[in-house]
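What follows is a set of structures for review.
Two complexes are shown next, each including chain A; its partner changes from chain B in the first to chain C in the second.
Up next, the complex of A and B:
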């Protein structure tokens, strides 16, 4: 209970610090949203009117308090560029980034776990070594470049998909998911290589331990030892690594959305920063922060569920 | 045994889902919607507003040109042609413009356009303060239900070009989300950062559009344009670079035109050294326009010698291009007179917005060309666009900058008014009583020939004073899939989609 409370307080402090940083960052960097919206020809009166409509004529601390207060009531403000509530604007795009990240994560789990087990079983075989080298290469490729490679090879050469042919989930969920497969793969591939390397090593380390020899001596089969003992023990470090990857994938999706022309949170974040659309940027950053905190919290709790010894140690 | 069942219950469905998605992906890729009744046009950024009286970005206006019309509208040859008004008369003193409402013209929602709507639209546009020229309107009269009379508070024979401002229905309470106009296309839907969809308006008063359904797709990533064109998700892109043009296959027709802007090294005349006309002229002598064009855009573009581009055939003076032929010795002599030599070089920084690659490239070539003299040291300071807007353009806190200035209306004033000493948007701080006088002459002239002559005089003064180092009108490359034809260049930022048609 105390543990959960401690976690909660640290989460609130983190959110507070991030909110201050993101809010005041825009006070430091140059750029006038009203000028941006009304253009170079606008009269000074029109600019003044727009600033007051955007609430920019108020002192900064007042704006901060108003913003935080509104946030608690679920009102994230109105987008400067789109003149619609930020909640509506981003709510429409949540499934886009959500599915992209989820899809990448599913691919990561689906590809890396069986692959690692295979590697561990066939340690030091020729194929094992060859694939480790290939993994090393894939790991070194940044996701955006992986995206370009995938687009070129599967899109232009093999014509398995139409580059830039994104279809929104409202129009056609099937084609939406089908298009997301490729960007998800671009995000997942380098991470699959990393996970395999880690998980394989972890399993081999566990396999060398005494209890494995004991298990064999009791007459268990290889499969049994692997799945009932080794896997269970090697799973803990993997869980942390996967959770880290999940939060990292959110960041990775920003770049990949750009490469594949997907209008998700990443695109909105970039465009809104460039367009000085403060409410949108603030809402996205706060959302991402909350997500990362949540994932870390869940990982911690899962950890303790899987291995009760952690409870005693802390 | 427990582990194994976990594997079965979670991992296997996941694998199944992945495989399914891959298969689906394969299917979607095989399908190509190849119907000439639709076209997808890539645009580099999302539109800034659907409300015609609030949109300011050139990239928005060029798209919404297809949806909204004013009393008049520009055509491809640069003339103003009747739109919502079928004809008009201008009084002798150029203070009274009378328009006749076109018979039977309808809005996209089916309702008839009334003189009340016109009155409402003009006053509304005036109220937003985005088009300062509309403040010249003293009163709008509607003597009967066929005529609208606009009375100005000062004579202006050039005022017509401001009446391209959109006519919209008074009863539409949400023009920001459900725009209604009278153009050849009507608005269907919009998804922020994704697309804007329009469809042919069947009750259009004029020539119906050639292609029924049009999707403007936002191509935020410039590096993906060629792949998207080749892959077929985009059929047209209006502003590709010369490098992208070279990468395109022969599935595409590339139309070459100009961007219709004045690209120059704008000099802050209030910055110490640039207050001296000899220094400004020296920089003009050091410029080699062809050298810039060769580097920036494979040698294409149109040379400029003043603040006017060739599409304004009526006003453009090609002879000004030769006022300062590249002459390093002359430049050095002028700089020496002004007090600069090898030991005391002229130093300044060129501020340039990083999102405009052509301007960044130009600044680099200029710095090299200036350095040849051995007397000029220009450094380059790249900033982000918003910083450029507020610091350089609005606050005029810079020494020199490379940028392109475009015209928002079909009038010479669009490119010349800013150089009056007291103009709000005189971001170069140019000040010349002679220029102010010439500009006033142009303003008050009612006779077209006298007016044109006065505008030309303004251009000459700018060139002789070397108010800035005028470089070029950048080339513009439009990629259009050969399934379509009929692309037309306008002397303004306009993408006339209604003129496109399927190729036979």
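Up next, the complex of A and C:
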């Protein structure tokens, strides 16, 4: 329990540090939001009124507290460009990016775990080594280039999907998912290669331990030893690795959405950065950070739940 | 120098990965160096008559949508990508080593407070951090170097701190203290050289991540600005011509894979050589 509390506090501190950094960074950069809103023709009085209406005349720490407090009530400010609450704008984008990341993560787990088990079973066979080399090359392919390659082979040459033919989930959930398969695969493939490499090495290391020899000498079959002993022990490092991948996938989705023309968080973030729409940028960055910190927290707790020895070590 | 040579032959004999990685990287560097001295055409010169020409004797690797020679652009583009990655890693490794060394050596409140910030930054994917910086300070190649450099500090700081935590209790450190050697001298002349191997493999891995991050940023259009070429920039420009001229659209990507593969194999070779 103390462990959980400690981790929770540390997560909150991290979130606080990031929120302060993000808020002050955007507060001190040159450019007056009131001036932006009213245009350069505005009279000084109108500007002054606008500033006080937007709360810009308050001291920075007060504005920070207001900003954070507003976040908790679900008010993430108003977009400069669209003049619509940021929450409303992000509302339609959340499921798109959410599904993309979820889909890639599912692909990662579904592809990498059976593959690694296969590798561990057929250690040093010809196919094992050939696939490790192939994996090494796949690892070196940046996800966005993987996206372009998939578009080329499966979209243009084999015509399995229409490049740029995104369908929104409100119109047709089936086709939405079918289209998302390709970008998800592009995000997942290089990570599958990394995961297989790590998990295979981890399982082989476990397989060399004494308890495995003992299990064999007691007459357990290979399958038995593999699934009941080795897999269990090799699973822990895999868990952290997968969680790390999940957070990287969120970041990777920004670029992939651009490759496949998917209107999610990433593209919106990009448009907002280029258009200097700071409330949107702040909200997206804070949202992603909160998600990343949450994933890390859950991993730490899960890790502890699976292996109670962790507490003594830390 | 002699020590470096011995290390090199140890790695070279040690494993295939290092050999392949080294050769790939050397060929890549040669390609870029030749490009720095001479390119067949000026990389920004447009040839109206030969847009997306495909492979011809005049343009052995074809031309892009503005009729610019692909070979020349690839040479300078790879150079830009490499330079940005180099700058990024230098900033990250230098600042990270200093922070990590001070935190690991002195510990205490300094360590606690600096590491809190470093951990917060570390949890953050570097491309997001770079996006944030670029949105604050604007795009362009120097901004990208600074943005990515800052984003790379945490990983180096953590690695070096770990090394210092391990080393600071060793006898040679105590003995140097007893001889009255100053803390700074111990940190930079006694302990840091011992962290060299670990730092080298993190530099190689960091270099890779920097190449990836730069390519990603430029691909998004907020990294290097036209008419400058970088591999990511070229990929994003040519993506829409994937249908008409697939080869010239894919070439910058293959070069990128080549580059990353070379560094990652060399990096893993170094790490494997240490064990």
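We take it that the second predicted complex is superposed on the first by the 273 of 314 C-alpha atoms of A that agree within 3 Å, B and C clash if a C-alpha of one lies under 4 Å from a C-alpha of the other, contacts with A are read in each partner's own complex, and residues count from 1 in each chain.
Just so we're on the same page, a residue touches a chain if its C-beta (ideal position, glycine included) is under 8 Å from a C-beta of that chain, and two chains touch if they have at least 3 such contacts.
Here the structure is a predicted model, which is why all the values come from computation and not from measurement.
Peer 1: What is the contact status of A:271 with respect to chain B (first) and chain C (second): first, second, both, or neither?
Peer 2: A:271: touches chain B, not chain C.
Peer 1: Of the two partner chains, chain B (first) and chain C (second), which one does A:145 touch, if any: first, second, both, or neither?
Peer 2: Once the two structures are laid over each other on A, A:145 reaches chain C alone.
Peer 1: Quick check on the superposed pair: does A:36 touch chain B, chain C, both, or neither? Answer first, second, both or neither.
Peer 2: first
Peer 1: Identify which of chain B and chain C touches the larger number of residues of chain A.
Peer 2: More residues of chain A are touched by B.
Peer 1: Between chain B (first) and chain C (second), which does A:61 come into contact with in this model arrangement: first, second, both, or neither?
Peer 2: Once the two structures are laid over each other on A, A:61 reaches no partner at all.
Peer 1: According to the stated criteria, A:179 is in contact with first (chain B), second (chain C), both, or neither; which is it?
Peer 2: First partner only.
Peer 1: Just checking: does A:156 make contact with chain B only, chain C only, both, or neither of them? Give me first, second, both or neither.
Peer 2: After superposing on A, A:156 lies in contact with both chain B and chain C.
Peer 1: Considering only touches as defined above, state whether A:114 meets chain B (first), chain C (second), both or neither.
Peer 2: In the superposition, A:114 contacts chain B only.
Peer 1: Figure out whether A:45 sits in contact with chain B (first) or chain C (second), or with both, or with neither.
Peer 2: After superposition on chain A, A:45 lies in contact with chain B alone.
Peer 1: Is A:208 touching anything from chain B or chain C once the two structures are fitted on A? First, second, both or neither.
Peer 2: Once the two structures are laid over each other on A, A:208 reaches no partner at all.
Peer 1: Both chain B and chain C contact which residues of chain A?
Peer 2: In chain A, residues 29, 148, 151-152, 156, 163, 258-259, 270, 274, 276 are touched by chain B and also by chain C.
Peer 1: Which part of chain A faces chain B closely enough to touch in the complex?
Peer 2: 29-32, 35-46, 49, 81-84, 89, 92-93, 103, 106-107, 109-110, 113-114, 148, 151-152, 155-156, 159-166, 168, 174-175, 177-182, 227-228, 231-232, 258-261, 263, 267-268, 270-271, 274, 276
Peer 1: How about chain A: which of its residues touch chain C in the complex?
Peer 2: 13-14, 17-18, 22, 25-26, 29, 136-137, 139-142, 144-145, 148-149, 151-152, 156, 163, 247-248, 250-252, 254-255, 258-259, 269-270, 273-274, 276, 281, 285, 288-289, 292-293, 296
Peer 1: Can you tell me which positions in chain C touch chain A when the two form their complex?
Peer 2: 116-117, 119-120, 123-128, 131-132, 134-136, 212, 215-216, 219-222, 235-236, 239, 242-243, 246, 249-250, 253, 256-257, 260-261, 264-265
Peer 1: Enumerate the contact residues on chain B facing chain A in the complex.
Peer 2: So the residues of chain B in touch with chain A come to 1-4, 7, 11, 14-15, 17-18, 21-22, 24-30, 32, 45-46, 48-49, 54, 56-57, 128-132, 135, 176-177, 191-194, 217-221, 223-224, 227-228, 230-234, 355, 384-387, 389-391, 393-394, 408, 424-425.
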